[in-house]
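Here subunit A shows up in two complexes: once beside subunit B, once beside subunit C.
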Partner chain A sequence: MYLPKFTLESPRSIEEAVSLLGSGEQTKLLSGGTDLFPRMKYKLCSPGVLISLKGLPSFPPQIDEERKLIIDANISLTAITLSPEILEKAPLLALAAQKVATREIRNMGTLGGNICQETRCLYLNQTHTFQFTEPCLKRGGKECYFAPKGKKCWATFMSDIAPTLFCLNASVIVAGLDGEQQIKIEEIYTNDSLKPLSLKPDQIITKIIVPKTQSPSGNGFAKFTVRKTIEFAIVNVGVFLETEKDLKTCKKARIAVGAVSEGPQRALEAEDWLAGKSLSKENINKVSQKAASSLKIIPHHGYSKKYLTECLKIQSKQALNDAVEGLADQSNRGR
Partner chain B sequence: MTTTQRKKIIGLTVNEETYELAVECQETLLDVLRNNLGLTGTKEGCGTGECGSCTVLLEGEPILACLMLAVECENKKIETIEGQSINGDLTPVQEAFLEKGAVQCGFCTPGMVLASTDLLKRNPDPSKEDIMESLGGHLCRCTGYNKIMEFVHHAAKLNRDNT
Partner chain C sequence: MSELDYVGKRILRKDGPDKVTGKAIYTVDIQLKGQLVGRILRSPHAHARILDIDISLALEVPGVKAVITGKDTLGIKHGFVETPRYPADQYPLAMDKVRFIGEEVAAVAATDVYAADKALSLIKVTYESLPAVFDPEEAMIPGAPEIHPSHPKVKEDLVNIGGKTASGWGDVEAGFQEADYVREDRFESHLRTHGFLEPHATVASFEADGKLNVWTSSQGPFIKRAKLAKTLGLPQSSVRVKKAYVGGAFGGKIDLYTHEFCAALLSMKTSRPVEIIATREEIFTAYRHGQPMIVTVKTGVKKDGTIVAQEFKTINNSGGYRGSGVVVIFLVWGFAMAPYRIPNMKYKGYSVYTNNPIRSPQRGHGAPQMRFAVESQLDMIAAELGISPIDIRLKNARVSGEMLPNGDNVHNCGLKDCVLDIAKHTDFTAKFGISRTEKQGRYRKGIGIGVSAYFGGSLIYPNSSSVIVKMNDDGSVSLLTGSLDIGQGSETILCQIVAEELKIPIEEVQVFAADTETTPVDIGVWISGNAYVTGNAAREAAGDVRRKLMTIAAEELNADIENLIFQNKRVYISGQPERSLSYEELVALSIQKHRGDSVIGNGHWRTMRDEPFHPSLATTKGRWTENYAFDAQTAEVEVDTETGNVRLLKAVTAHDCGFPINPLQVEGQIDGQVSMALGHAFMEEIMMEKGRTLNPSWLDYRMPSICNIADSEHIDVITERYQVGKPYRTKEVGEGYVSAILAAIANAIYNAVGVRLFSTPFTPEKILKGLEKIK
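Take a look at the complex of A and B:
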């Protein structure tokens, strides 16, 4: 399968990349290409100009004087799993990166590309060469084939990494023609499957910032798939628990879920409920149920809403248990 | 300075030989290896990242040639299946593949060999789970994977015996 023709620009600075990006409608950013190229090969999009981010100056993850973690958006997913700074300050991010696709794709795919990937649906992500039907909404048509007679696109956002950045209260630095700005990770998502990102056409994510955390903390990430590897999630759940000094009482919980709707979601009701409570088995069970029943779930890739809700309960419990187990290990080491 | 590229003359270093080639921007490393250099050991199964049959080593790390632009591989070291044996001497990984009969139609074999070579370099004594993780992106429609698991364990042993 060949890629359609395009022109490649290889800027050497962010400023140059921004001005190239802002110069025309037909331009698109290229990082690892593992999301963009399959879409281009399937003719889901045909940008005339690609702006490669590979030639930009890069830097390894850094911890600044305020103990914030600063990560280059162009870091490969493999490098995330190996970075001592990330493993120390944001192990949750490494847990999720390790679960993406395969070693080959993690070597090529980047953090920026992962959180900016397109939404997917069973109908859309295939070759359309031999189809005689009208294109669906996402390809500029008038109908949705996933939900027939539907006037809305229901494609789901499958990133494994984005939910963990919600848990870590991360922000992104965005560069554009108007200069640089720092925005909360939540704000880059629109919850609109047709246009999942709020970024303007001239904007590039250059850095990801994870703020310093105060309390002792526990991390858990669960991804459910049938094949275990090289598969998008059926559901994924990230959990970040800040605790009191006893490591057994939850001070603040952040629970985020992906792959079941147009964008990542925080389970706010469940988070609020757990705050101040003991991390007992009973409470973990209850909070997992609450998380699953309070979120928007779109049936996707052949899985019904009922099935996904059940999966979500089990995976939330798994991620919470992993976080609690990690805390118990810390407590044993401290003794 | 920005470099605008439509067609570009590039130097590609494949299996320690450098080739000078005129390449269009949209041509993937897979297209160039197979169509321009005649190195057809690297296979195209899906073309979209799902099967692993196009795996090559770029700077020693396995990547998918079907999703990598050739022009972005300039000045980087590329290794394909053709460069594994030296003067006809197979590597222990290739020997193990033959001895265990882990091949039927052979379409997945180049990718499997390169991914296993990478795994054993990082982990000389991998567990069953390690092998499943590393070869998870490599589809085989023939063997049922048991022979492939056996071969990686055997290759690990041959490698250890050799050192």
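Take a look at the complex of A and C:
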């Protein structure tokens, strides 16, 4: 397998990158390349021009005067796991970054790239030289191999990190020909497998902003895979719990799930139910059940819906328990 | 008998330094002047007639030097098996029909891969699509699309039968009548692939003098030479297959592959070297995988667990051509009859054509499939009768000197010792006896056992090995062998044997290997025969040299041959070490006094001294081998009852491999097989849908990672010994240990949570379903 031929641009500023990006249809942003290059090798896209983000000014994670955490979108996933600022202000993000792929891929892959990755499907993510030669919906054709009668694409969005940004109530700064704007993380996703991101062709995510939290909080992240390494998730769950001072009563829960649908999903029903309740074993079991039964689940990568529902329940419980355990540790340390 | 200095020692691999320093030259490293890139056009149809192929546009692409289709070939078929009963059934490039998605239809040679792929896209093939069938049981039923005519000797009302094996002895019906308990179960084994890290790769260079030089990632050069010569219409003497390092094969690189033929023919057309390197995706989608198999087994036993009758029916899914399908249905019969005494047996196996890619051997070649079935069922029977899994195995296990129904003698058989030793080592009875009601909580542990037997070195072309050992003027030794080291360590053990016979430091044995022109013929590194067949040939060759050195030394030292001692490149008279001659001196003396004899030894070996042919694949008549290896393996697992995930915590292998020529390599083989079986058990699966592979990548075809590897322990049951100057009967260690452990894992899962699995892989989804049922 080899890359198709392309031209590489290396802008030195965001403005230059945006103007290059807006100048042609056949352009794509190159950050770590861990999602893009395999897709190019599979001929799922053949951009004539790649705009590398490597030459842009970069900055380490910062905590501003409002105690917000500001992260460069180009930060590598490895750097996320090592940043003292992130470990202090958004440990959930580090938990998820640590679970992505392998160390080699984390060294290359970036935060911006991870949350902007394309949706995946077994039928889609391979070359189509003699297998699946009729293009599917996502390749511009008329049919879906996964659900032949449907007129909908069922590719799933596999990011491990995006759900945790949902939990953290994060926003992104987007630069484009019209200037910069800040948008909520939820808004960059369309829940459409064909085009999972709402960003315009000239837009680049430059920063990720995590607001400060008042209450004591607990974090949990569960990623279920067969091999415990390199794979995309069967299902992943992020949990962020804000508690009362007792560290045992849930003030607000944010639970987000990935890998089982067209975009990350918040388990809103489950979150509402848990708010104000004690974080008891019984309640955690109940809220996990609620999360599993209330969310959209697409069978993917050979896993059935029934099985994924079961997995989601167990992984939600795992993530919630981890969050509660973290709170208990804080309590024991007298914080 | 002198003490052993090299054989039986933990000697490091000869090829290790080359590999870890990156010096090793693999086929993909070979770059010749003017080398072209070859690429292959494959069928998008599972079953279709080829009406027309238009290559005119492809030939116009700048950089394209040649395009070949079936019309450019001699139309000579080849096959894994080529016998009167099972003649070759596959063209190197499709001529009339394609029978699976990915079948090779045309090939291109160009100056670069971009031009080659562009040309492929411009070849216009007109197909007439035909109905296809993918499931072997559907393909057998009359009315199913005909892929090939059914074998003329199979008279049943079935279609698409590539071959049938039928065998038996005693009277099974009477046996079942006599039995106190009879049960019948059906087990299914799924499709896996070899997972060699080095892809298929070939460089072919047709020289001006008419010689075709070939480097190819293989399991032995001689079978490649024979099949290339045959299909290309060249004399064998015009084809030279040379050595390159091989990055694993596991049964997937044995006979002729189309890319090898195409590289050669493209080179002949262009008079330039041509390389073809398969992409990993091509290997996953269009190349040969292992053998999925359906095994139905009916067993009758007495109350005490003694097997009185066993009846088997097996069905393989051979794909669009025969491949090794008719071999595997024969082999599984052997894997059924070897470990246990079965007084009455009936066996029938069908190899069925389907519109899937072709199947090849894969490490164990049917043994995991058969042992999974038999050993799982034996545990069910034992439970029903209230007998322990250990006792039922001891009750039926074969012992030393037993004759097998095909006339083979098992000779030294350590099976009972394997079972006894492993039971003691693992504290099996106590662990197995913990009742499931005592096992509470999310994670539950279990232990299980399986046994297996495996043969080595059965007769297949080229049927024998010869080895040459030459003394050099400086007293060092050159070893010439046709054997190819594919990562299993063959060169190292051959050196150990030569070093032992000649008492020469192993560093002073240089190996020249696997070149059809300069090294003697070799049986090939499959069918688990290298250590036994080529090893004995090397021993004979070194022995020949030893005798010559001894004769000269006796003359010069004026001593009796019986009194001569070989040590560290010298020969001396027993008790008089000062009266000695170095090998260097002996070689010089031989040349001076024996009319130039520079001391060259040769040796040869064949598994069966007096059997002219391989046993019949159809009737199983005929002897097979002189050496059967036996093993018992236990698995300790932990089942997560919430997720259904199972972890193999510990595998123990008690093995009778005769004697280990290199214990370090034996342990490496065992550990490798345990991890391969772990992949088989839990995660590796080629997901196919209507002849197409859904997961053609390392990402989605899940081989175990370092995070999944289990603790693996070994127990040696030594049943043979090595003596200088005498033939030996060491047994195989490269394939047998992927089998019993698979059954042991299934049995351990049952022991842990009461879920009995009848199909591989043992996925969390199946475990959860099973748990739900027994709730």
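By definition in this document, the second predicted complex is superposed on the first by the 332 of 335 C-alpha atoms of A that agree within 3 Å, B and C clash if a C-alpha of one lies under 4 Å from a C-alpha of the other, contacts with A are read in each partner's own complex, and residues count from 1 in each chain.
Basically, a residue touches a chain if its C-beta (ideal position, glycine included) is under 8 Å from a C-beta of that chain, and two chains touch if they have at least 3 such contacts.
Keep in mind that this is a model prediction, so the values were computed, not measured.
Participant: One more residue to check, A:212. First (subunit B), second (subunit C), both or neither?
Facilitator: Neither partner.
Participant: Name the contact category of A:184: first (subunit B only), second (subunit C only), both, or neither.
Facilitator: It touches nothing on subunit B or subunit C.
Participant: One more residue to check, A:20. First (subunit B), second (subunit C), both or neither?
Facilitator: Only subunit B is touched by A:20; subunit C is not.
Participant: With both complexes superposed on chain A, which partner does A:304 reach: first (subunit B), second (subunit C), both or neither?
Facilitator: Second partner only.
Participant: Just subunit B (first), just subunit C (second), both, or neither: which does A:226 touch?
Facilitator: Touch partner of A:226: subunit C, not subunit B.
Participant: For A:67, decide between first (touching subunit B), second (touching subunit C), both and neither.
Facilitator: neither
Participant: Thinking of the overlay built on chain A, is A:107 touched by subunit B (first), by subunit C (second), by both, or by neither?
Facilitator: First partner only, subunit B.
Participant: Identify the partner contact of A:1: answer first if only subunit B is touched, second if only subunit C is, both if each is, neither if none is.
Facilitator: both
Participant: Which holds for A:296: it touches subunit B only (first), subunit C only (second), both, or neither?
Facilitator: After superposition on chain A, A:296 lies in contact with neither partner.
Participant: What residues on subunit A does subunit C touch that subunit B touches too?
Facilitator: On subunit A, the overlap between the subunit B and subunit C contacts is residues 1-2, 5, 227-230.
Participant: Inside the complex, what are the residues of subunit A that reach subunit B?
Facilitator: Touching subunit B: residues 1-12, 16, 20, 32-34, 37-38, 41-42, 50, 52, 54, 78, 101-105, 107-108, 227-230 of subunit A.
Participant: Give the list of subunit C residues in touch with subunit A in this complex.
Facilitator: Spelled out, the residues of subunit C in touch with subunit A are 42-44, 101-102, 113-114, 120, 279-281, 285-286, 642-643, 682-683, 687, 692-697, 699-700, 702, 704-708, 764-765, 768.
Participant: For subunit B, which residues are in contact with subunit A within the complex?
Facilitator: These residues of subunit B touch subunit A: 1-6, 24-28, 31, 44, 46-50, 52, 55, 58, 61-64, 66-69, 71-72, 115, 118, 132-134, 136-137.
Participant: Give the list of subunit A residues in touch with subunit C in this complex.
Facilitator: For subunit A paired with subunit C, touching residues are 1-2, 5, 122-123, 125-127, 129-133, 224, 226-232, 301-304, 307, 310-311, 314.
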